[in-house]
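Before anything else, here is the set of structures, which you'll find just below.
One chain, subunit A, appears in both complexes that follow, with subunit B as partner in the first and subunit C in the second.
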Partner chain A sequence: MSEYGLFMIFFAAAFFNNFVLIQFLGICPFLGVSKRVESSLGMGMAVLFVMTLASLITWMLHEFLLFPLGLDYLRTITFILVIASLVQFVELFVQKASPTLYKALGIFLPLITTNCAVMGLAIMNVTEGLNIIQTLVHALGAAAGFTLVLVMLAGLREHLEIHDVPKPLAGVPVALLAAGILALAFSGFVL
Partner chain B sequence: MTDKFVVGPSPHVLGPKTVKSVMWEVVIALAPVSIAGILLFGLDALLVLVTATVTAMILEALVLHRNLKPASILGDGSAAVSGLILGLILPPSTPLWMVVIAAAVGILLGKHAFGGLGNNIFNPALVARAFVFMSWPVAMTTWHGPLSLSDWTTRVSVDVASSASPLGGAQHGLMEMFLGQTAGSIGETSALAILLGAIFLIVRGHIDWRAPLGYVGSAAVVAAIYSFLGGDFALTTIAWQLMAGGLLFAAVFMITDMVTSPVTKTGRLLFGIGCGLITMVIRLYLSAPEGVTYGILFMNAMVPLIDRYTVPKVFGEVKSR
Partner chain C sequence: MFGKELIRGIYTENPVFRLLFGLCPALAVTTAADTGLGMGLATTTVLLGSNLVVSLLKNVIPPAVRIPSFIVIIATFVTLVGMTMEAFFYPMFEALGIFIPLIVVNCLILGRAEAFASKNTLGRSLVDAIVMGIGFTISLGLLGAVREILGSGSILGFQLVPGTVDMALVFALPPGAFISLGLMLAALNYIAIRRKEA
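Coming up: the complex of A and B.
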């Protein structure tokens, strides 16, 4: 991926390799926080913040500390530490700035710590050999793609709530079905 | 609506237009396309169309009425429309068992799992096509060329050699493309037949011009920019892009679907533009040969958001500060 231009890296992360619908990372917040459009937008912004900063910090840690010292085997644990502390930041901020959003996001806000999309992004940045600018753009694209599909699914679920979905399928089952068809639609975005 | 004495909330004025009448008129509008498809691709095409339509109608009767009486099979005609549209966007050489699976996916997963007519988010025919395309990509991209008049007079069923579709690199004149003498899906090749159906639908007031115009317009703009950047700008290139693949068919019969397109007028225009942009980007810049299915499915998922942000202003409304 490192040979692509910045524009292409952004679109690849947002559409062609969409983290949720093509690589199936971060499915848990995708289904957990997609009940309301507003809260899903809030979640998207939180993930954008965590993804961007986490990518930059983990990239620098890897480049200047882990790799030169031959400590590659500590990669996972270091990255999780960085992500977890960033999530704590976001949590404090959201709690203070918007208690309603804090309530709406509930358990899924601290769970960004274990959001595999963030971790996957941080690892992909270093394994794909991206430089720091490319890492930044890749993170922005990944977060944009994540937010886009999250908000789309939230729109669909709000829409389905006011329609006569058959009883056994109402709620999560039909959301999963809609997500599956959405993934079919994204399967057309192949480079 | 057969009772003369209706007790219920307003409105009490009833028009002659019902779901049933609209759906059967759409079937009439699909007739020229179907006939053109059968003339161009022979009995194979006829079998695919009949299988898709009949499977869709039988499944709908089973889901809704749990019996197979003729009245329940005919139903409100929406299953016939979905099934026929599905048949028209499949290649003529599709194996019939695949057509049955496609129709089942479209009607059961695409339509009734979401609550049936009026509740489905995605166009059932497109869900079915995306599904079979994902599952059996080779069968879905094997085209065979159109029959000529002599094929019809000598033999009725012919084993036709497979050939490339225009988007797959085949060279065709614009007139051939207009009449539909190219390889492709059953219903999408003949621009003439599609336009006949479009005129009927517009005259009867069943489709709104905004979504198709946004769709064809944005596709033309992207094609123009692409050919301009490529240094071979010509009006024929744009016309070629518009007539190739399923673009025109989708513009008339799929993005005008009342259930899966936005309610607001601005929304419909935006919906069409979005479909056109995605279709053309997939066609020109990505590896998939055709983007119509994906473009429309993607925008179907955007419809609730589009409706949400394009609510028109109430007359006399003042922006509150």
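Coming up: the complex of A and C.
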């Protein structure tokens, strides 16, 4: 991926290699917080915030600490600790700096620790050998793609609620079918 | 006793189909039955290790820092499993790719550490890890088998349908993962509803 242009990296992460629908990263929040368009937008913003910061910090840790010292095998432990503490820090910071934003993001912030899209992004940045600008663009693209499909699915599910869905399909199964059709559309970018 | 627990892991509290835990690997690596089973076994190993250590240390870890402690324990076992697979099962390691380090964020493992191992004895925690791991492995194997049969007409690499027949390739591609899991969940709900009415 490191030989792609910046636009291509953004476009790949957001659309034809969409983090959620094609690479299956971040399915839990994708199904969990896609009942309302409003809350899915909040989740998207929180993820954008954490993804950008986490990517930059983990990239620098890898470049200046783990790789030069030959400590690559500690990558998983370091990255998950960085993400977990970052989420805590962001939560505290947002709470102090902007109570309105904190209220809007609410319970979504702590959930991001176990969002595999953030961890997956951090690992991909270093295994694909991206430089720091590419890492930043990759993070923005991933967050844009995540928010886009989250809001799309939330819109579909809001409509599905007023329709008569067969009982066994109601809830998660029909959301998965809708996600499958969305994924079909996103696969169209490659074909 | 163990039989009852086994039914809990496979059916009543099945991690994938009932609790909807660990859906990312469940959808991503089940393009065929063998990768699904491999992922299931790797996750089971990590679950066994983390339940073992968490249950042993449950009285030592201060409650305030328990989640970070659990994460470090889990990450240690994920690294061990990853290194072992890279050394001895390289093709499987390649096939599972980024989803091996991502076992660390599988909510099933943190969930079992928090909800079960930190409150129960060593023996019960190990049994819980084994039955939950078996449930997870069977679910992934089943989903992988369905997608492999529908997508390429084979099972564990053994061709069932003559190669000249065109299979529904979409089931081996990302959209097929969502659709197969959605239909399987609907089928389980249908059975549950029928049973309640009867």
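Assume the second predicted complex is superposed on the first by the 170 of 191 C-alpha atoms of A that agree within 3 Å, B and C clash if a C-alpha of one lies under 4 Å from a C-alpha of the other, contacts with A are read in each partner's own complex, and residues count from 1 in each chain.
In this section, a residue touches a chain if its C-beta (ideal position, glycine included) is under 8 Å from a C-beta of that chain, and two chains touch if they have at least 3 such contacts.
Computed from a predicted model, the values in this text were never measured in an experiment.
> Applying the touch criterion given at the start, work out whether A:Asn115 contacts subunit B, subunit C, both or neither, answering first, second, both or neither.
Once the two structures are laid over each other on A, A:Asn115 reaches subunit C alone.
> Applying the document's definition of touch, where does A:Thr76 land relative to subunit B and subunit C: first, second, both, or neither?
The second partner, subunit C, only.
> Is A:Ala84 contacted by the first partner subunit B, the second partner subunit C, both or neither?
In the superposition, A:Ala84 contacts subunit C only.
> Scan A:Phe189 for contacts with subunit B and subunit C and give back first, second, both or neither.
Once the two structures are laid over each other on A, A:Phe189 reaches subunit B alone.
> If we overlay the two complexes on their shared chain A, which of subunit B and subunit C does A:Phe24 touch? Say first, second, both or neither.
Second partner only, subunit C.
> Based on the superposed arrangement, let me know which partner A:Asp164 touches: subunit B (first), subunit C (second), both, or neither?
After superposition on chain A, A:Asp164 lies in contact with subunit B alone.
> First (subunit B), second (subunit C), both or neither: which does A:Ile123 touch?
second
> Going by the touch definition up top, name the partner, subunit B or subunit C, that contacts more of subunit A.
C
> A:Ile133 in the overlay: touching subunit B, subunit C, both, or neither? Say first, second, both or neither.
A:Ile133: touches no partner chain.
> If we overlay the two complexes on their shared chain A, which of subunit B and subunit C does A:Ile181 touch? Say first, second, both or neither.
A:Ile181 contacts both subunit B and subunit C.
> Overlap of the subunit B and subunit C footprints on subunit A, residue-wise?
Common to the two interfaces on subunit A: residues 166, 169, 174, 177, 181, 184, 187.
> Which bits of subunit A are touching subunit C when the two form their complex?
21-28, 31, 73-77, 80-81, 84-85, 113-116, 119-120, 123-124, 127, 166-170, 172-177, 179-181, 183-184, 187
> Touching subunit A in the complex: which residues of subunit C?
Checking each residue of subunit C against subunit A gives 20, 23-25, 27-28, 67-68, 71-72, 75-76, 78-79, 82-83, 98, 101-102, 104-107, 110, 170, 173-179, 181-183, 185-187, 189-190, 193.
> With touch defined as at the start, can you tell me which subunit B residues reach subunit A in the complex?
109-110, 112-116, 118-119, 121-122, 127, 130-131, 134, 282, 286-288, 291, 293-295, 297-298, 300-305, 308
> Sort out for me which residues of subunit A touch subunit B in the complex.
Interface residues on the subunit A side: 16, 37, 151-153, 155-156, 158-160, 163-166, 169, 174, 177-178, 181-182, 184-191.
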